[in-house]
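The first chain written gets the first letter, and so on, giving A, B and C; residue counts start at 1 in each chain.
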C-alpha cells in the first residue's frame, strides 16, 4: 500500500515536471514566434494566428506532419530551431503539425511509430542518435509516410527518406578557418576549445582546424574539451595564461566557451577583439555573441543555421507538386560573421535567443 | 624510562594524525603539491597585475584553484550534511544550480532579457533564488524522509527535470546582465586582488562553523544518520532533520548559482554546473566521510573539494589530452577514495605504529 | 528408530563464541502430531531449529530421519529441504508480486519450458485439497497475510515434506485468521505430516498441539503430552521456577504505601496503539515501582511503548497528575517527564558511532532545544559525572558507545535518561544480556530512585527480579492485560497462574 502511494506521488511529480516543461516550451514557442515574425518580417501577426486557431480546427485539406525534435531546452540553437518550426508549420500555412520531443533515441523512435500509426503525411526527424532507425523508416515507407530528416543525417539507406536538410559542420569549420587564414597573421598560436567530444559539431569544427594546422604549420598552444561549458573554457584559458604561454587566437567551438575564454583574458588584462592582441572566434550566432562582435570585442562568429523550416517547406511543396528533388542532401546556407563588417541588422536577423 | 615514554607518546600522536579524517585529503594535497613542485615549480607562482578593468588582481594556478574550488567547497558543505543525515547523496545539485541561477537572472531582468539597469537589487534576487533553491531542497528532502525513497532515486527527478525547469523560468531566453557590479560575485571586487568566490566560500565556512558550534545540528544529524530508531526514541524527528539537511544544501546551491551566473553574466541551462554533483560527492568521500551516513567531518570535506579542484587544474596545466581527462581524474579519485576508506586508514595507522616500535627498538 | 517417529534429534550441542547455545538437547517428532517447542527468549529454540534446517552446523549430536539409514547429513537449507524438512517463517518469504501459482512453483522447475496451464491446474488442486481460499492466478499480494502464510505452508507441503516447521506463524494474524491456519494444520496432521510449532501464545498451544517440548537456557527441560502438563506447570517450566518455591522471596518483597490525595503520576485509560495490543488501563503513583509481566510476545513492551508514544497511539486518554495530556510522539512524553529505556538496546537504544558523552547528553539536549547546545566543557562534565555515578567502564567519554560491553552500554542509556531528571522512568528489559553484577546494580538503583520519589515501571523476563523490585505487577497474556497483583498475591505461584490463565 505504502509502495503504491509512493509510486503515485512519484508519477504525480513526474507529471508535474513534464507539464512544467511542456508549459515551458509552449510559452517559449509563443515568444519565439513573435521573435521570428519580427525578424523574418512575415505578413502574419500573432492575432492572426489566434483567430485561425479559433476559426477552424479541422484538418481537412491540411498537410499532416509529425515533427520529432530534440529537447528545445537543450541549447539556444535548439530553442530557436523549435520556435522556427512552430512558427511556420501552422494551420494558416496549410499544416496540421504534431510535435514530439526527446533527447533519447528509443523515445524518439516510439514517437515516430505513433505518428506513422496516426497516418501523418510527412515525418520530420531530428534524430538524437544516428543509429537504429532502419526498421521504423521502413515502416514509414510501407505506410506511405514520407520522411524528411532535418538537422542530422541518419545511418540508414538513402531510399528510406526523401531528403535530409543539414548543416555541414565541416563546412562551418572550413568557413571559419578560411576566414582565419585571410587574417594573414605573422604567426598563429591557437587555443582550441573543443565541444563535447564525439558530437557532430565538435567533429566537424575540429576537423577543419586540425587540417589547417597541418597544412599551414600553425601552432596549437592547447587543445582541450570545454564540454560546451563557459566555466571549463575559462579554466583552460586561465591555465594557459598562468603558464605564461603566448597565444593570439582562441578558436572556441561555441559561443559559451568563447565567453568563458574572454572572461579569463579580461582577468589577465589581455586585449581581445578587432585589432587587439587575441582573436576570438565562436560559433552558433547567439544574439549576445553577435553583439560582442558588433562591439568589436570578438572577431568572428560562425552560424549554425537553426531556421530550417523554409527548406523543409520547400521540399514538401515540391513533393506535393510531384516535382523531383535534385538531391537527397540539402545543405543549408550558413554564414560567418566578421566583426569588422557585421551590421545591427545582422545581429537582429541572425542572432538567436 | 623517560625515553620509552617519549616514543610511546610520539607514536600516539602519529597514530592520532593518521586516524584524523583530514589526514587523507591533506596527504593527497601534499602529493599533488610535490608532483607540481617537481614537474614545474612555476605552478606556484602568483603575480599581481591589473585586469582589463584596471584593478590589480592576483593570478596564478593557486589563485585559480582557490577561485574555482570555492564553488565545490560550498556545495561540499551541504552535501556532507545530506550524506550524514540521509545516508545518500543528492545528484540534482547541478540542475538545482541551474534553477537558482535562472531564478536569480529572472528577478534581476524582470520581463526584459537584456535590461539596461537591474530591475531588482541583487540581494533581493539572491534571496528569491535562495528561497526557490530551499524549496526544491525541501522537495527532495520530503521524498527522502517522508516517502523513504533512496536519496539518489528521489533526486533523480530533479536531476532529470531541473534544467528544463531552469529554462522555463526564463521562457528559454538567455538573459544577459550588463551591470558591472553583478560581476563582483564571480570575479573581483575593485581594489581587492583576491577572487570574490573565495571570500564567499570562507563566509559559508564561518557560517556553518558557527551553526555547528551554536546549534545541535551536528548531534541531531549524526544521531539520525547513525540510528534513526534511537534518535526517534530520544525525541528527535528524523524526518525533519533529513529535510533540514536538504534545505541547507539548497542554500549552498543558491550561493553557487550566484557565483556561476555572475562569472559569465548569463546562463546556459544545459551546461551550467554540469556534473558538479559528482565532484561534490567525491569531495565528501575524499574527506573520509562514510557515504552511508553518520559521523561527518566538515573540514575534511572542504579540503577534499579544494583537492579535487587542485587535481583538475593540474590536469589542465599539463594539457592532458582532452578526451582522456575524465579518465585520469577517475583513476586518481579512485586511488584517493580507496586510501580514505576506514579499513586502509586502520592499516596505515597500524603500519606507523609498527615502524615506531621498530625505531624504538 | 521407533515406530511412527519421523525425526529424532539426539544430544545436540552448539556453541557460539562465549555462549553455549545448545547443551545436549533431544527432540523427537512423530508422524501426524503437532508438537509445540516452547521456551523463553534465549532458551535455544531458534538455534535448535536452525541446526535442524541446516542454517547452523551442529558441534555434536545426531539427527535421524524416518526413511534414512544412519544419521542424516544436513549441511545447508537445501539439504534439509531435500530430506523433507520445510520451514515457514513469521515473515512471508514469497514474492508478493507474483501469482499464487508462480509462487508455488518458483525455483522448482527444471529446464526452461513451463506449462502454465498445468501449473495453474496443479496449484488449484493443492489449494482445494487444503481448503485454502485462493485462486492460482491471483496475485499473492492481494491475499490476506493468513492466506499468504497458508500458501507458504502449501508450498512446503507440496514439496513432499515430512517435517513442517512453523516459526511463529501466528504473530501477525488476527483471531479468525489463526483459526483458519489451525484448520490447515489439523488437516495436515491427518495427512501424517509432523509439525513443529514455535509460538509464544499459550492459548494456541493448548488449542492445537498434541505434545510440548520445553527448553530453557540451552537445555532440554522435558517433553510432555499436552494433557499431562497443565498451563501453570508449563509456565513454571519455562521460567524455571518450581510452583511452591516461594521461600526466600517474601522478605525481599517491596511494599508501597500510597500517599493519599495525590493523583497518580500517570493514568492511562483505554490506551491502544497500532502495535497490536488490546486497549488497556494503567496507572502509577509517585514513588511506586510497578511492572508489566507476561511471556515474551504477550504485549508488555507494546504497552510501555504506547505510553511513551513510541508506537502510533490510536486511542485512549492519558492523564498526568490529574491533567489530561496528549502524547503522540516520544518528545511529548519526554516533555511530560517520562523517560523510556527501550527493550532492544542495539536497535533502539544506543547511537553506535557516537561517543559515550554524546549518548549521555542526547535526550536532555533534545529537550533543551536546537539552539542551546551544551558546550564541550559542560558535556564532558556531565558525562564524567554519570560515568562515575553509574561506574560505567569506558576508556574515556570520547569512546564510541558501540565499543563498550552490553552492560556498560545499558548504563550509558540509563545515564541518558537519568540526566533528563524524569518523574516517571520506564525500563524495558534493562537487565537483559548483561552480567550479574550490573543486574544487581540496576535493581538497586531502581529502588533508590523510587525512594527518592521517582515512579518506575520495570519490565523483565526474570520473574525474581520483578518480584524483588515491584510492588505491583500488571500481568499480560496474548496482548491483553489479564490481571493486576499486589501485596500477598505477589508470589511466583500466583503470577504464573495468572500468566497461564485458562484453568482456575
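Assume a contact is a pair of C-beta atoms (placed from the backbone, for glycine too) under 8 Å apart; a residue touches a chain by one contact, two chains touch by 3 or more.
These figures come from a predicted structure and were not determined experimentally.
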Given subunit A and subunit C, the chains that contact each of them: B
Centre-most chain, if every chain is reduced to its averaged C-alpha atoms: B
Chain pair with the higher count of C-beta pairs in contact (A-B, B-C): A-B
Relative to subunit C, chain with the most remote C-alpha centre: A
Inter-chain centre distance, subunit A versus subunit C - centres from mean C-alpha coordinates, in Å: 67
Rounded Å distance, subunit B centre to subunit C centre (Cα mean): 47
Cα-centroid distance, subunit A relative to subunit B, in whole angstrom: 33
Touching residues on subunit C, where the partner in the complex is subunit B: 308, 310, 329-331, 334, 340, 342, 347-354, 358, 361-363, 365-367, 369-373, 416
List of subunit B residues in touch with subunit A within their complex: 42, 49-53, 57, 59-61, 64, 68, 114, 143, 147-149, 157, 160-161, 163-168, 171-174, 176, 187-188, 260, 263-264, 266, 268-274, 312-313, 316-317, 319-320, 322-323, 325
Subunit B-facing residues of subunit A, complex: 2, 5-6, 9-10, 13-14, 17-18, 20-21, 23-25, 27-28, 31-32, 71-76, 79, 194, 197, 222-225, 227-231, 234-236, 238-239, 241-244, 256, 259-260, 263, 265-271, 286-288, 353
Complex contacts: residues of subunit B adjacent to subunit C: 213-217, 219-220, 222-223, 226-227, 229-237, 294-295
